[in-house]
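Heads up, the next two complexes both have chain A, just with different partners, chain B and then chain C.
Entry: the complex of A and B
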């Protein structure tokens, strides 16, 4: 199977080179047969990558310990579930997995548009093949996952060696999230290749109009959704596994996953400027380019350890490849832009500072500033060493100081932006749209202040969250009321109907609502508390309304590890509530330890209990308990964001009743309560 | 006022204030990387800075004491005694022969006082798996959020 996988990868490389070269020839000659054959070579590349990936997975399932990669990342006792995850647990496998996910996207694109957009597709195909060639080069010649173990025999000839068992999977990865988090994040990283290929292809082909934006909207949203899920699942993994009570530490790898999300989010918003007003064309093209570059940079930072592995930590050789690839992409993008920049002329100018356009502009500005701050903070050690010779890193205070205010500014725009009219918003409409929400937000802030709420940023966050949530709910209410007055259906049914008529607009609102929930959760962090104590059997520990009683210990031998558990009874306001079992795990194959945090999670707060080891003084187990308010809102918000994105991808349902043909200014896209002048507009907003 | 000027003012206010915050955060959290060997050669002002130092944990050197954990880091033929005074539990990967990064200040008598310890197991843990494993060494790091 290893030989099979190996040859599949080599053939995939050959096919990708043909798809690239043949594609260029097809563009030059416009020969229909060449166009067809290079497209089919692209599809063949993908199928061969699928085969190679399945064969590596087969090697894991058949416990083939003659393969170096399998030996390093699996063992016989590893459960099936984690044997799937073992595929992406190391360098070689992760890079193959990158190729695999990219192949899924590329195959879908080639299949979907096989008979459409004939002018554009050869260019797109060439760009996609170019990216595939890079990763297949790594898979084949730099980090092959199919290397076999061999050692020279007595005759000096190399012989296969098979081990009896493998080294096992790193304990940190033996956690359910680790099976779903990397595929999500990688689907985000790879997914942004598609909008990139279309943007670059359209620029090279001087493809007229905004069509490439319409074509790629869904692909961008899919990638964005996976990226969002990947980031949040990673945060949840860090929270549940690392046992330090937090979910985000501004680690280089975390930052790397966040950067393309920021530019991707900026792009999803600013494309609307291009669709509606023909503005920001240059900006959009560069946002897509940057997003893709940041995806490659993210993969590079993750895989090469150029930032996190300092001095003592071994650096990997693939760094040079990635840096060269990034330089090549920049050169190609810059070349294409300089050659065809006249094609990106803006059709309009900004009219007013209080308009939808300017809210998008500021949204983009804030996202970009945040992105640049995080990028420079992450790469600071590298650049400071270049410039001053000293390697200097910056920590959490740097990132928090910049990103908390930018986050709040963004939250503000989330509420304001969608309700501003294109071109110019009247004072009248400002009052109507924001009067109530602002009032409710300020009232909530005043009540909180009266109850002793004094954390500045959290207070601002509270006011904004309440206001933004009110604007969103008010929008649904107004729209649903109009439909209800016509159809007589229930309010809920009317709201659903409203959403389905303009999925893009109302799906977007749902995403915004999800972000509000995420911010509620983030604001809770200002009130985190923790306490650590050596515990004798029967000892108690108090934190907030909870009392923890250590009832005893036990040892649970499992297939792959032995767990030492603490049996902790939780009393809430002195009433027995539940048992928690924080664990220390000892993995037999690697002799490594793992921690399993026990969490009681409610919407109000998380009680987070860690078995922190044995006290050196007293030889007693140490319990570290945290009380983290509102954390659950973050995960809940994430689910809402994903649902909203899915809604926004649905096609609009045709409105059965066309209520009025009157063309209203975009200031009131959805009617404002007067049934006689109602307009329910179809399409995008 | 012309609208371009308005936009210009708005944009510069945002960028300038965020830049100022970034500068404050930089001053608060900047940390210098040094090797154990470099530590001896630093002058007194450089020694007072916040530093991050990498090395291998010497076999049998980890001693748990009241309120702190002492151990010795080795690297480039030199050794450095370290006291960890942080409140967070040490990462599970912190054992004899593991590669560790310590962050803190140079203390009295050549002892390094660490507030943060990150560790990677020397034998395994090849690189950041699945986009997230890189977070692992920072198990003891804490965000201010």
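Entry: the complex of A and C
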């Protein structure tokens, strides 16, 4: 099966080269057969990558310990669940997984548009094949996951060898979320290849106007949604596994995943300017280019080790390849732009400063400033070493100081932007839309202040969250009220109806609501508390309203590790509430330790209990307990963001013509002319 | 007279209890809290991560709370605190030991100032560009709104109606 996978990858590379070269030839000659064959070569590339990926998974499941990658990342006792995840637990497999996810996107695009947009698709196919060639080069010639173990025999000839068992999976990765966090994040990274391919393809083809934007909107939203999920799942994984009580440490690799999310978010907003007003064509194209470049940069930072990171297990010397690829992309994008920039000329006009257009400009400004500030902060240690010879660290305190104000500014725009009208917003409209939300926000702030809420940024965040949530809810309320007055349906049904009539707008509002929840959760971090104590059996530890009683500890042997568990009884206001079992795991194959944090999570706060090891002084187990307010809101907000994105991707329910005698159930749309008995009424498909 | 005795006794007891209350801020828990605060300002020197010593939890570390290197650094902080040193003195001691790379955030002096200045520069430059763009687009809009010489002007009522209609149709 290893030979099968190896040859599948080699053939995939050959097919990708053909798809690329044949595609260019097809663009030049416009020969229909050449166009078709290069497209089919693109699809064959994807199928061969699928086969290679499945064959590597088969090698994991069949415990084939003659393959170096399987030996390094699996063992016989590893559960089925983690044998799937072992695919992306190391560099070679991760890069193959990148190719796999990219192939899923490419295959879907080639299949969806096989008979459409004939002018554009050969260009898109060439760009996608170009990206695939890069990753297949790595898969085949730089980091092959199908390398076999061999050792020199007595005759001096290399002989294949097989190990009895593997080294096992890194303990840190043996956690359920580790199975879903990388696929989501990688789906985000790879997904941005599609809007990039369409943008570059459209620029090279001088393809008409906003067509590429309409074609890629859903693909961009899918990539953005996966990127959002990947980031939040990574944060949750860090929270539940690393055991330091936090979820975001501004680690370089975390930052790297956040950068394309910021530019992707900016693009999703600014693209509306082009769709509605034909503005910002150059800006949008470069935003997509930058987003894709940041995706590649993110992979480079994770893989190269150029900046030290908590993801150190993934590093190698592969960086040079990525730097070269990034340089090549920049050169191609710049060349295409300089050659065809005339095509991107747009009639940019602004009727009023107080307009939706302005809000999008400022939204993009804040997102981009935040992105560049994080990027320069992440790379500052490298640059400072180059320039001064002294490596100056830039850690979490710096990023917090820089990003908290910009984050709050963005939250403010989240509330303001959607309520401003295109072109010009009247003073009346401003009063109508913002009067109540602003009043409610300020009132909430005053109440919080009266109750002793003094942390400045958290207080501002609270006021903004309440205001933004009020604007969103008010929008739903007003719209649903109109529908309810016409249809007589319940308020909830009217709100759903309203959402389904304009999924993009109301889906966007739901996403904004989700972001408000995330910000509420982030604001809670200012009030985190923790305490650490060496505990004898029966000892108590008090934190907030909770009293923790160490009832004992036990050892739980599992297939792949042995867990040392503390049995901690939780009393809330002196009433027994529940038992928590924080544990330390010892993985026999790697002789490494892992932590499982025990968390009691409510909307109000998380009681986060860590078994921090044994005290060297007292030889007693050490419990480190944290009280983290509002953390659950972050995860809940993430779910709402995903839900809103899914809603925004749905097609709108259209208004149709029905007979005025609404009692007749089989009302038919009328194609031509309106009989006197027919009136226009909004209904559903 | 008899009644004043218990009151005096209580007052005496209360006064004798006060000095320990005043002294407790330098107790063990306070010391540890301050060590953690300082620990957030210095980077763990285990070279396995970029995290602050106070929260180091990188792979290969202890997986829960600071790793062994960070624990040793925090212990060192405790010793400096016991000597009565200020936060700045403790930081300088670590800089002498490990160099400037020990800072969790760049110091606000020398070349490190660039790191602090950059975000503000981005914001000012970006805001400048946005204001310039808005001004340019506004000017273009005003120019186009003005009727061309000799051409019949559009009534403001009609223009307003057209705008309202366009606004409605493009509402999103």
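Structural remarks
Assume the second predicted complex is superposed on the first by the 648 of 685 C-alpha atoms of A that agree within 3 Å, B and C clash if a C-alpha of one lies under 4 Å from a C-alpha of the other, contacts with A are read in each partner's own complex, and residues count from 1 in each chain.
Going forward, contacts are C-beta pairs under 8 Å (C-beta built on N, C-alpha and C of every residue); 3 or more make two chains touch, one makes a residue touch a chain.
Only a predicted model underlies this, so the values are computations on that prediction, with no experimental measurement involved.
The partner of chain A that touches more of its residues, comparing chain B with chain C, is B.
Of the two partner chains, both chain B and chain C are touched by A:353. In the superposed model, A:288 makes contact with neither chain B nor chain C. Look at A:505: by the touch rule set out above, it reaches chain C but stays clear of chain B. When the shared chain is aligned, no partner comes close enough to touch A:124: not chain B, not chain C.
When both complexes are overlaid on chain A, the residue A:580 reaches neither chain B nor chain C.
Of the two partner chains, chain C is the only one that A:272 touches; chain B does not reach it.
Contact with neither chain B nor chain C is seen for A:333 once the two complexes are overlaid on the shared chain.
Of the two partner chains, neither chain B nor chain C is touched by A:12.
Contacts of A:438 after superposition: neither chain B nor chain C is touched.
The contact surfaces that chain B and chain C form on chain A in the two complexes overlap at residues 170-172, 242-246, 249, 251-252, 308-310, 312-313, 350-351, 353, 358, 361-362, 365, 369, 373, 381, 390-398, 401-402, 406, 532, 592-595, 610, 612-613, 624.
Interface residues of chain C, counted against chain A in their complex, comprise 32, 40-41, 43, 47-52, 55-60, 62-65, 99-106, 111-112, 114-116, 118-119, 122-123, 126-127, 129-130, 133-134, 136-138, 140-141, 144, 163, 166-167, 170-172. Contact residues of chain A toward chain C in the complex are 170-172, 241-246, 249, 251-252, 272, 276-277, 307-310, 312-313, 348-351, 353, 358, 361-362, 365, 368-369, 372-373, 376-377, 380-381, 384, 387-388, 390-398, 401-402, 406, 421-424, 502, 504-505, 532, 584, 592-595, 597, 610-613, 624.
Those residues of chain A lying in contact with chain B across their complex are 72, 85, 88-91, 94, 167, 170-173, 178, 181-182, 185-186, 189, 230, 234, 237-238, 242-246, 248-254, 256-257, 298-299, 301-305, 308-313, 316, 350-353, 358, 361-362, 365-366, 369, 373, 381, 390-402, 404-406, 409, 522, 525, 532, 590, 592-595, 610, 612-613, 615-617, 622, 624. By the touch rule above, chain B contacts chain A in their complex via residues 3, 6-7, 10-11, 14-15, 17-18, 21-22, 24-26, 28-33, 35, 52, 54-56, 63-66, 69, 75, 87-93, 99-101, 120-121, 123-145.
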